[in-house]
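Here chain A shows up in two complexes: once beside chain B, once beside chain C.
Moving on, here comes the complex of A and B:
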C-alpha cells in the first residue's frame, strides 16, 4: 500500500476540528475546563505549535531515547556511582527524584486536560504527546532510583514524597496543584508549559545534565537529557495559546497567569536548585553560581520570550532580581538546620574555600549568612550538635508553603513578613509578591492549612519534633536528613584555624 | 493561662520561628523564650536588654506587659531586638 508523504496530510490532521451537532460548543468545551475565556472555537484553530511531530515519528524517537537511557544505566550499574560520588552529588539525586518524579505524573493530568479540553486542535494533538512524555518521565524517574533503595532508604522518597505531609512535599504539591491539576486547559498551557517549563525547567534540565556529566554520573546525565528533549518540545504549547489570547483582547488575563506562575516557580527553584548549585555541588565541579545561571539562562531567555509574545515583564521583576542575591542562601540555611525533616542530606558547603567562593560570587555573604554559619561552626567544633538542630518549626508562608526567611547579620538584618487577617485568621507571606498571588483568588487558597497551621490545629501529635517527623512520613532514622558529609567539613575549618594561628 | 503561639523574628537571625508562649508571660519572658531558638544557635548574644515589638513597628512593648494585655493576636509576628542600655 502506498504511504502518503508527511507533507500531504500533516497540517490537515494536526488541525482537525469538529463542529459539534449533538451538543453545544459550550457543552463540549465547558469554560471552566477549557479556559477559553469566551473565545470561539474557530479562533483557536489558528493555534500553531512551533514544534511538530507525527505519532509514528514520536514513537520511533521515544523508543530510541528510552533504549539509550536504559542501556547506559545497565552498562554503568557496576560503576557504583553512588558509592564513589561526593555525598553532595548523591543528595542532589535524592532531592531531584523526590521533588520531581511524581510531579511528572501530576503533569500527565495537566497534559490530559489540554488534550481533551483545549479548543485548539493543535494544542490537543501536542498535549497527547506531552501526556505520553510525562508518563515516561514519571516511570523512568521512579525506576532509576529504585535500585538504590536497598542500600539507602532516602531514595524511596522518589515514590514516597508526594504521598506524605513533609513540608517540602506540601510546598511542591501546593504549587503543582495550583498550576497543573487544579487549572483549566489554557491555564495549564500558560502556567505549566510557558511559566514553569519554558521559564525554568527546560534550562534547568540542560544545566543539570551538564553537571551530572561533569560529576561523572553518566547514567543521570543521559536520563536528564532524555527528559529535557521532551520538555523542550511540549513546553512550546503555551506560546501559541498566549498569542491567541493576546490577539483576542485577553492580554491582561494572560499576563496575570504568567506573572503568578513565574513567581511560584521561582520559589520552588530557589529552594531546590539554589542550594544544589551553590552548596551541594562539590566546589571543584561548580561552574556558574546559581545567580549567574539564573541571569544567563533563565532571566535573559525568559525576558526574550515575553517580549517576543508582546507581554510585559512581571510587575515584580525588580524584586525578583534582588532575590537572586539572597533568597536561596536563607532557604539553604533553613534546609540544613531543619535537616531531619527532609529526605536528602544537605551538604553544608561552608568550608573556608567554599566560603571564599560564596563571598566572591555574592559579595557580603560572610557578613550576612556567614554570621549564622559562624555560630553553627563553633557549636560543631565545641561538640554541641544539639544547638545545630531545631526545637521548633519555622513560620511557613501561606502561599509558597516554604519557611519565611530574610537576610541575617548584625548590620544587614532584614526580614519583612507580610500579613493579612481574614475571618479572624492571620495569613503570613514571605513578601509582597506571595501576598499578591494569594489576593488574586483568596477563595482558592484560604482553606489550605500550612504545616504550622496543622501543628497549631492539633493535627500533629505529640506536639514535638518527633510528632512532626512522624506526621511528615519519616520512617526511621535512616530516612531523616543529616549533614551530607557527617560534619567532616569541620576538620577543614579546624585546619584553617590552626594555619591562621 | 493559655497557650499563645507567636512567631519570633529575632534580631540578626535569618528565619521567623514559631514560639508557643503563655498568655500570662511578660514581654521579658517572651523574649527569653524566643532567644532560646536563636541565640547561640545562629546568632550571638548581644549586649543590652532584649525588647519586644510588633513586627514592622517601632514602639516597644513595656517589659512587664503580659501577652494577654498587649493586643497581640495568636500567631502574630513579633520582633525581638536588643536595646543598648
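Moving on, here comes the complex of A and C:
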C-alpha cells in the first residue's frame, strides 16, 4: 500500500501538548483565555473529537463544496429572485444576511480562541478547521447578497448591521459576543459549539433552507444547507470538552454555561427565525411552523444530546416549552410595529388565510395576538397609518436587549416586567430566566448599557425617534423598514369582510 | 450627516462605494469586518470592564503599533477562502502523489543509517514547532485590528497545520520501516530535553506567552517564521540530500511556497505601518531586537546538530536577517 490510512497517523497530528519550562502552564494558557477550570494539560489530552478530518481532506472537500455553491449561484444569476419573489421572502434574505454574515465572521475569532487556548490538542486542530469554516461562512454570505446592493439599499446591511447600534444589531452582538468572541476557549466550546451550533443553527440553516427551496430560491437553499454541513462538523467540538469537565468534577459549571447559552440562543432565534418562518415566508411555501421546527431540532435532538452527555435539561425547560407557543408572536408584533427601526421590511402575515394557518398551528392565536392585529388592521383600513407607527423606543430587556413583550389576554396583557435595582440603576428583564442569566455574571453584564439606557443617558440626540434612528445607523429613508407588501394585504382583509357581510 | 430623504441604492457596500475602483471579490468579502474596532471603550458588546474587553483594550487597542485606518491593509495575494482551498488542494495533491510514489519505490529503506537517526532527532519532533506556530498565528488572527490582517493569519495558521500533518504522516511512515528508532513515540522527549531544541523551545514558549499584539505579530512574522524557513527547513532540505533522502527536499519545497506567502503579507504589513506612522518603525525595531538573539541561538543549536550541515548556523542567521531586510525594505 502506497498511501497510509488516516487512522494510522491521525493521532500524531494531535500529539502536540508538551510541558513548558521557560514559561509556566498558566502563562501559556492564561485562565481568562483558556477557561480550563484548573484542570491540567494532561487531563485534556484524552479529548477525542468525534468527527475527524485532516488538512488534505479538508481542502479537497471544501473546494468541492464551494464549487457547488458558487456554480448554483452563477447558473441562477438570471433567475432574478429579488424581482420575482414575494417581498416577504426578500425580507428574509435581508434579515438573514444582516443578522448572520458578520456574526459568522466573528466566529472565526471564537474558533481561534479555542485553537490557541484550548488545552486539548484535538480541540485546537478542529478549531483550526472551524476558523476556516467560519471564514467561509462570513465570506460567502457577504458575496452572495452583495449583488443585491444595487436593487435595494437595505441589502447594504448585510455588511453594515454589526457595525451599527441598531437595537437588533446590539441584541445580536450582545448574544454572539457572549458565547463566541467574549469568552475563554472552553466556554466557547460549550456555549458556541454545543449550546448554540448543535441545535439552533439547524433551525436557521436547515429549517429555512426547506422554505427557501419551496419558495424557488435554490441559490439560498443550497448555500445555507451547504453551510450547515460545516456547522454540524465543527459543532462537535463541545461534546468531548463537556465529557472532560464532567469527568473532572465540573458538571455544575458546565451545566451553568449550557443553560445560559441555550436560553440566550432561544431569545435571539425567537425574534429572528420565528417571524421569518411563521409570518414572512409566503403561506404557500411554509413547511413546518417555527414551533414544529423547534420541537424537531431543539426539543428532540438537543435534549437527547444533553442527556447522552450526562447533563440535565435546563431548569427552565417548562418555561421554555410554554414560550414556544407565544414569544415569537409577541416579537413579531413588536418588530412590525417598530418597523422603521430595522433594516428589513417585515411582512405582517395576517391575511385571513394566514390567520387561519396561525390559529391551526397555535390554537388561541386569534383570541390573543389576533385582537392586536384587528386594531392595526382597522387603523389601516381607516387610513390612519400614523396610529400603527411608533413615536418612542420600546422598553428593552437588559439581558437579551430585545423589546419586552407579553402575551395579550382577554382583559389585559400578561406583561410582567422583572426588575433589579442596584446602585440607583433599574434593570429590566423579559422574564425570570433572563434575570437569572444576568445574575450569574454581573461583571460581564452590569455595566453594559441597553439602547434605552443610552437614550435616557442622553447619548442619543435629539431625544426623539428621528435621533434614535440616526443613532441606530439609518442614513436615509430607503434603509428604514416598512410593511413588506405596502399594506396590500389589507385588500384581502376587505374582500373577506365583504364576503362575510 | 444629514438624513437622506432620496437615498439611492449603491453598487457595493457603503464603505466601498466611495472608491472609484470597482470592488473585487477580495474587497467585498474581506474588508472592514471587525466590528470590535468601533467602540474603543467596549470592543465587545458587553460591560466595558468585562475580562475580554479588558484583554482587548490592553493588548490590541493600546498596542504600540498605531494606524489611523488598519483596514487599508490588503493581502498582496488577495486570498479568499475559496481560492485558498483551490491553492492548497493543488499543493496537497502534489504532496500526496510524492508520498505515494516514494513509498512505492521504498524510498525509506534506502536512507543512510545516520540520516535516519537525524530524522528522529531533527525532523519528526518539528511537529511541536509547527503546531506552536499554528497556535501563535491563531492568536495574531484573533487580536488583529483589521479583518484583512486576520485573514492572512488564519491562512498562515492553516498552512502550519498542513506542516504538522505532513510531519505526522512521515513520522508514522518512518516508524513502519524503522520500528525501533522511536518514531512516533520519542519526539516529545526530544523536543523537551534534547540540547539542540532547547533554545528554540525557549523562543517559542516565550513568544506564545507574549500577548501584546504588536509584539506577537512582529516576533512571529519578522523573527520566528524566518527562523523556521532559513534556519530549519532549508538546512534540513540541504542536509537530506546527503542521506539519500530525496523526498524531503520536495516536501519542504512545497512548504516553502507557504513561507514565501507569509513573507509577502508581512512585507505588505510593514509598508502599511510605515506609510501611516513614523513611530512604527522604532516599535518594530525594538521588538525585532528583543527576539532576534533568541532566534539566532535557536538556529545555532539546531544546525549544530545536523550532521555535516551544508548550511552553517552563520549562513542561516544571515539568511534570516536578509528575509527581515526584505520585509522591512531595508537595503
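Please note the rule applied: the second predicted complex is superposed on the first by the 490 of 501 C-alpha atoms of A that agree within 3 Å, B and C clash if a C-alpha of one lies under 4 Å from a C-alpha of the other, contacts with A are read in each partner's own complex, and residues count from 1 in each chain.
Here, contacts are C-beta pairs under 8 Å (C-beta built on N, C-alpha and C of every residue); 3 or more make two chains touch, one makes a residue touch a chain.
These figures come from a predicted structure and were not determined experimentally.
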{"item": "Fit-or-clash call for chain B and chain C when the two complexes are aligned on chain A", "value": "fit"}
{"item": "Touched partner set for A:375, first chain B, second chain C, both or neither", "value": "first"}
{"item": "Chain B versus chain C as contact partner of A:213, first or second or both or neither", "value": "neither"}
{"item": "Chain A residues touched - chain C or chain B, whichever exceeds", "value": "C"}
{"item": "Contacts of A:256 with chain B and chain C, given as first, second, both or neither", "value": "neither"}
{"item": "Touching partner for A:408 - first (chain B), second (chain C), both, neither", "value": "first"}
{"item": "Closest Cα approach, chain C to chain B, once both complexes are overlaid on chain A (Å)", "value": "21"}
{"item": "Complex contacts: residues of chain A adjacent to chain C", "value": "1-4, 8-10, 12-13, 15-16, 18-23, 27-28, 30, 32-33, 54-56, 59-60, 62-63, 66, 70, 102, 105-106, 108-109, 112-113, 115-116, 121, 124-125, 127-128, 131-132, 135-136, 138-140, 142-143, 146, 149-153, 155-156, 159-160, 162-163, 170, 173-174, 177-178, 181-183, 443-448, 466, 469-470, 474-479"}
{"item": "Sites on chain C touched by chain A in the complex", "value": "1, 3-15, 25, 28-30, 32-33, 35-36, 38, 42, 44-53, 55, 80-82, 84-86, 88-89, 92, 95-96, 99-101, 103-104, 127-128, 131, 134-136, 138-139, 141-142, 147, 150-151, 154, 157-158, 161-162, 164-165, 167-169, 171-173, 176, 184, 187-188, 191-192, 201-202, 205-206, 208-209, 211"}
{"item": "Chain B-facing residues of chain A, complex", "value": "330, 333-334, 337, 369, 371-372, 375-376, 379, 387-388, 390-395, 403-410, 413, 415-417, 419, 421, 426, 428, 452, 455-456"}
{"item": "In the complex with chain A, residue positions of chain B that touch it", "value": "5, 7, 9, 11-20, 36-37, 40-44, 46, 55-56, 73-77"}
